[in-house]
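These are the structures, in structure tokens.
Shared chain: subunit A. Partners: subunit B in the first complex, subunit C in the second.
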Partner chain A sequence: MNRRALLGIVGAFLLLTAVLRVWVAVNDRAYRAPVYSTQVQPVPREQGIADQQKAAEAKAKAKKYEAPTYRQFPFVGSRVAIWVVAELHLMFAAFVLAVPMFAFIIEVIGYATGDKRYDRLAFEFTKLLSTSFSFTASFGGFLTFMLIALYPAFTNYLMEVFSPTFLPYVLLFFAEAGCLYSYYYGWGKFHPLVHLALGLAINVVGTLIMFIANAWASFMMTPQGISDSGALVDLYAAFDNFTWMPINIHRFIGNIAFGGSVAAAYAAWKFLHAETDEQRAHYDWMGYVGNFVAISAFLPLPFAGYYLAAEIYAYNQALGIMMMGGAFSWLFIIQAVLIGNLFLAANYYLWLGMGRVEGVQAYQKYVKYLLAAIAVCFAVWATPHSLIATTAEIRAMGGTLHPMLGYLGVMSAKNTAVNVLILTTYVSFLFYRRTGKRPTVSWAKLGNLVQFLIFAASTAIVIFYGIYGYFVEAAVRIAFSVPQVLSVLVAMVLMTVIDIFLMRGAHATGETHWGKIPAVSQYVLIFIAVTFTWLMGLMGYVRSGLRQHWHVYGVLVDSSPDAFTPTLGFAANVVSVCVILFFALIAFVFWLASLHDKRDWGTTQSDEPAHGGHAPKRVSAGS
Partner chain B sequence: MKLAIVLAVVAVMVVLRLVRAGLLVWLAAWWVGTYAVLRYGFVTPIPASALHIFMAITALSLFAYATSSRERMRATYEPVLAFASESRFTLPLALVAASIPGVVAWSVYQGLQQPLQPPYFGRTVHPSPPAEITSRGEKVDLARAANPFRNLEKTDVQAFRRHVENGRRVYYRNCFFCHGDDLGGAGMYAHGLDPVPANFLDSGVLPMFQESFFFWRIAKGGPGMPDEGAPGDSAMPEWERMLSNEEMWDVILFLYDDAGYRPRALEAVGAEVAH
Partner chain C sequence: MRSPVGVNVVLVVAGATLFYTYVGQLVPQKELQPPPKVEITQEMTPVQLAKVGDELARGKGMCLTCHTVGHSGGPLRYPDLAGVAERAKTRVAGLDQLHYFAQSVCQPDAFVVAGFAPGMPAIHRPPIGLSDEELHAVVAWLQSQGGQATITLKEKLPYCGGPG
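So, the complex of A and B:
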């Protein structure tokens, strides 16, 4: 028993000792120095590192040179990066080419009439040029570096084909810079005819520059003059490819419209900031002239676009179908909506402009009929050929085309609508021009009747061919656009000639008060400029995107990660960002130009010009 | 057109003219009248997408008219201003204010009453063809290829008719189950297919394309549809697996012949001068 008790006590003691030992071990936080191994490692670390470096150096020396085909731009990818830079370069280039065109025209008018206002206006436009020219050149350089860095193989191919055009291009650029800065800084310093010659030279040189650059861009879409493997065979053929001349014409006219609209937007911005009636009158007039130039150029623009589209079809039908009936066709519906809005806005501005003339406005009563014609034509033009419809709607229609709307989705209806829209806009302008005047010539009634008959005959021809187009095959139908266009152009020319003689010596029934126009009209001018710019970007994307996965269509395939065709929504977003960036930059240009009219540092208020836009004094026009 | 709807709208306009309604009333009448005609005036309803475009254009045009001169602007906003501020309109104004939540609730209710429909996926009905296809080992250049039997129409009418008759046999043995016995796209299986089979009587189908387009669509069917045409959605088989090239060209001859359309002519100049 005692033995058992002794064993129990010893066991309990051992258990207690074990518990105490574990408890002390777990709670012991005293610092213990690490135990270092004194044994030498079997592989020396330094030697290992040295061997690795040596191997890396040997590998680097043995690396063979391989020309990269693509490099990647961070975050947004190469395509979007090049897209944005190219678009901004193009927009500034269009502006820089357009502004001298109408600055020159306006200066000629000022010289011929001796009216100083035109001279001042031309100078005010020219003030926008120098900064814009720098931006254009900077974006051009940016684009070139981006192309070399991101698409080296493709850029190298274009250089191989078009290198003979580079030297003339650069020399022309120098000539353009020389003419432009002489024109701007030489305002009032030369004889007016010398100055006008400089203005003409800017336009000629600028247009030649554009023609060369257009050859590169159009070659990418409709390449010619090369062998099956892409080697250059005939430079002239590569230059004068299928779409080169249509793009030249389309861009030439489009640039005038675009430049006019941006200049009008500038005037609108100044109008809205004007503090005196005199300033308002000046900028109202300036906006009117800018818009007049823009809309005058805008009217023949659809025909130039049609010529371009016909050449694309002629080059390759697959491209044409892709454009008008395939993946890109919905952009044409957006285009129709935007152009319809432009027509509506242009007419609306003219109707508002009638309010500048005091007294009874006899032509206001016709506005509702003009508006009805515009709305109907707008609706016809915006009717899609392939309707977006639910399955139930498609079943109800018995197919993809609505039994009635289907007739409005085809070319015959669209051509008719756009021609009537142009005629209607022209009539709005004619009414605006006549507001506040009464003809005094003896044949006034007959003149009016003849004008009306010309208008009616032209409309009848347009509608006749529009309806007849439904009964002939496509090849014949396409050719109908020619008599339609010609009838409209001839009608506009004839009516203008008659109107000039009809209103000669007309009795003024009310004075025109520039600046007395509702402020909403100025927002219309800004709207027109933004719409033009957006339209330019969207349609430019269609032209460029048609190549799909080709850098040069059918010749040089795009094997980069961006070779897929983006969704229309994504493309519209990129274009919208470009438009916002362009207007942010152009606002900076406007601000810089406005510095010219600001008071010099330290001068008194009496030294300040009465309103913006004073041209430097020059030898009197016509002297 | 449903004449009753159109005449009712015209009658309202005539009444407004007789009572010399103000500009604001006219603007409202034009908007509502246009909506009524477009929404309810067509026997075959206009799809909602097109209706929205038309109504937006109408609204924009009416806004432009209302604000196109100072007089019109005054005639438009003065009644609104008077209605909102003069004490004689207090009761009607309160009624209008109170009805706004009711209109919203009605709109929500209407939205919930729409029948359930399969979700719509946008697709291009006539997608762009590739430049070239291979059918039964034979390469076909879609930009330039013409129907090899089309010229018989002028040179050997009897041979042409034989090809058309062969095309008819091919059609009624293979195609009419979906495309219908009258070529109208309403075959016995059509109700179960989405997208619905092509309607060859539709003026936007046969005359809009060259025959090579249809050769491609028949030979490659739904699986050969490009991305924008939603590949795989169409139940059209790849007929090159079942028919010879000659049979496919024959059935195209038959389609044009029976529907009474002419194929789109080839363009005068083409890609052959490109390179």
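So, the complex of A and C:
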């Protein structure tokens, strides 16, 4: 018991002492310095971060340089990106190369005849050039950067082969800029002959630029002048490869057709917005000239195409067969639809144009026959060799060839159709040219008869070889296109020469009323421009796509994810995107060109100063 | 009421473009892939090689782009290959079947069948550029056209870079 009491007393004492101690500690306000540990404690997270940074720096320093072969363009991929930019560059380049050609020729006519209307017309065409030239250069730079960024190895290879041509190219580009802007801003400021010399210089320099760029593009398709491993052996041979000259000729003519059609579309746009009869007359005339240039260049274009195709076959049979009979053969059915539409539209425009001339009735009765011939030829040309059919249909036909239509899908029929189309369009033009005139020369009847006989003979030759082609071997049949083409060319030249002399001093039976043409004709001109542009995009695709999985055919293989050749439907989509973008940009060019004729800000019609060279404020009609 | 000119022009441009886009979708749609890598091993029998050769003739080798096998009717562009195994034995004096095939694929202009124009590329060079193993497979396939494939990878192909 005593023991318990003693423990209780000791416990109470300890408890009291503890309470007192806590009481003192709580109420103690005296400052005491903290006690720091002298030992550094490791912090795992910070150390880890530091280690990571060190490792990253070491890795970055040790990284070896590796030249990339490809880079990817976001969303659409590198190929489509390059495709669109290259196509837009080509379209603007074609326009910029073509317009000075006919502007120069029209200016020469104006100088030679002293007729100021031609001079004004040439200036009107030239107004479209300055902005287009800037677009061409901008897209060219864009394309170069895209090639370097997205296809560095391929671009490097082309540089290895063609670097000696780069400096001349750049210097020529500077010369082109100098000539073009002097030509435009110097209109009416220089002696006419000096100005004409500038016009000639633009065309010579521009053509040389195109020739150099064509060497790069054609080398990719038909390379030569290199060793088996692709090393350059002969720069001249690499430059003057199999398809270089055919492409030069094809682009030269094609550019004129394309440029003429776009310039005609500009005139159509202005015609539709014209407020006075004078303006309508002027832009009707301008549209007619632009379309005349386009169709005149378009008629010999298929012959340049034959030459290009022949050289592709000569370089590599398999390449030629792949183009005409392989994966790309259906592309030529699309091409037939486009060219058929061009012929139809061009003829329709000519027939509508006859309406502006008094005394048109003499020729209008023939239009229905011309239309029938064009429709038949169009149908033949667009007939595919083998048909897309269901299994039951194929069984019923006994194959993919239709028992009757199958005969129309072969080269003999198509060559015949296109040559007759060309002859028919030429006759439409001849009728248009003669509308409202009556020859006065004594040999008029004989001249007409000879012209008719030439036309009939040419048609007979074309049809004869077309039918004969069904009974001979392929090698012989291919050669038949030469006499067909020659007969058409010779006929057109002879008939033109006869017509010039026949209509010399012709009696005018009626006046030409420029501007008196239905508005639908102007939409036809715009339709022709769209069709030319689409055709250009499509044929650009076949030229480039023919290489398939090669950057440079047989030399540099494409190992990128885009190495496959896309479907024609996909190609059609990309071409359409290019066409829409081109027309959006060319509309901007048209708008800028139109600003030239607008009044200055804050001025009225009465106090408007005459500025902007001798650009016409109000223009008279052409003749 | 007449619609504004600007709208009409846009309609013409867009309408024509859409029409041509549609025409582009109407034709057969085929995507061409780069030739696939073909597996050829040393142990392959002539029959197995001929099977690979068939694949090559239709694809990477591009043989059937120009040639036919069992052509019926119409003029030929290049010789038909049906039964070529028999013809090859006697086609050129002094060349047996193997030598004839090897010469035909690697030096195609050395002998051109009467009635046809030269134009075949050497298929061991770019752009076709078949490897030695692939050439063996193509020759095995040619041997199988009206005959029996006998070649193996152990045999050297003359005229194709190797010793004749």
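Following the convention adopted for this analysis, the second predicted complex is superposed on the first by the 562 of 623 C-alpha atoms of A that agree within 3 Å, B and C clash if a C-alpha of one lies under 4 Å from a C-alpha of the other, contacts with A are read in each partner's own complex, and residues count from 1 in each chain.
The definition used in the following text is that a contact is a pair of C-beta atoms (placed from the backbone, for glycine too) under 8 Å apart; a residue touches a chain by one contact, two chains touch by 3 or more.
Values in this document were obtained by computation on a predicted structure and should not be read as measured data.
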For this session: Assess the superposed three-chain arrangement around subunit A: do subunit B and subunit C clash, or do they fit?
Result: clash
Exercise. After superposition on the shared chain, which partner residues are touched by A:Ala571: those of subunit B (first), subunit C (second), both, or neither?
Worked result: second
For this session: Answer with first, second, both or neither: which of subunit B and subunit C does A:Ser134 touch in the superposed model?
Result: neither
Exercise. Of the two partner chains, subunit B (first) and subunit C (second), which one does A:Asn316 touch, if any: first, second, both, or neither?
Worked result: both
For this session: Once the structures are superposed on A, label A:Gly554 by its partner contacts, choosing first (subunit B), second (subunit C), both or neither.
Result: both
Problem set entry | Touch count on subunit A, higher of subunit B and subunit C | B
For this session: Would you sort A:Gln364 into first (subunit B), second (subunit C), both or neither based on which partner it touches?
Result: first
Exercise. Given the touch rule stated above, what does A:Leu338 touch, subunit B (first), subunit C (second), both, or neither?
Worked result: second
Exercise. If you stack the two complexes on chain A, which partner ends up touching A:Asn448: first (subunit B), second (subunit C), both, or neither?
Worked result: neither
Exercise. Regarding the shared-chain residue A:Trp534, is it in contact with subunit B (first), subunit C (second), both, or neither?
Worked result: second
For this session: Have a look at where A:Ala392 lands relative to subunit B and subunit C in the superposition and call it first, second, both or neither.
Result: first
For this session: Starting from the residues of subunit A touching subunit B, keep only those that also touch subunit C in the other complex, and list them.
Result: 228, 313, 316-318, 321-322, 325-327, 337, 384, 388, 473-475, 554-555
Problem set entry | Touching residues (chain side subunit A, partner subunit B) in the complex | 222-224, 226-228, 242, 313-318, 321-322, 325-327, 329, 337, 340-341, 344, 347-348, 351-352, 354-355, 361, 364, 367-368, 371, 374-375, 378-379, 382-407, 409-410, 473-475, 518, 520, 554-555
Seminar exercise, completed: The answer for subunit A against subunit C in the complex is residues 228, 269, 272-273, 313, 316-318, 321-322, 325-327, 330-331, 333-334, 337-338, 384, 388, 472-475, 477, 523, 526-527, 530-531, 534, 548-550, 553-555, 557-558, 563-573, 575-576, 579-580, 583
Problem set entry | subunit A partner contacts - residues on subunit C that touch it in the complex | 5, 8-9, 12-14, 16-18, 20-21, 23-25, 27-35, 62, 65-66, 75-77, 115, 117, 119-121, 125-129
Exercise. Can you name the residues of subunit B that touch subunit A in the complex?
Worked result: 1, 42, 44-50, 53-54, 57-58, 60-61, 64-65, 67-70, 73, 115, 117-118, 120, 122, 124-131, 142-143, 184-186, 194-196, 198-199, 202-205, 207-208, 210, 213, 227-228, 262, 264-265, 267-271, 273-275
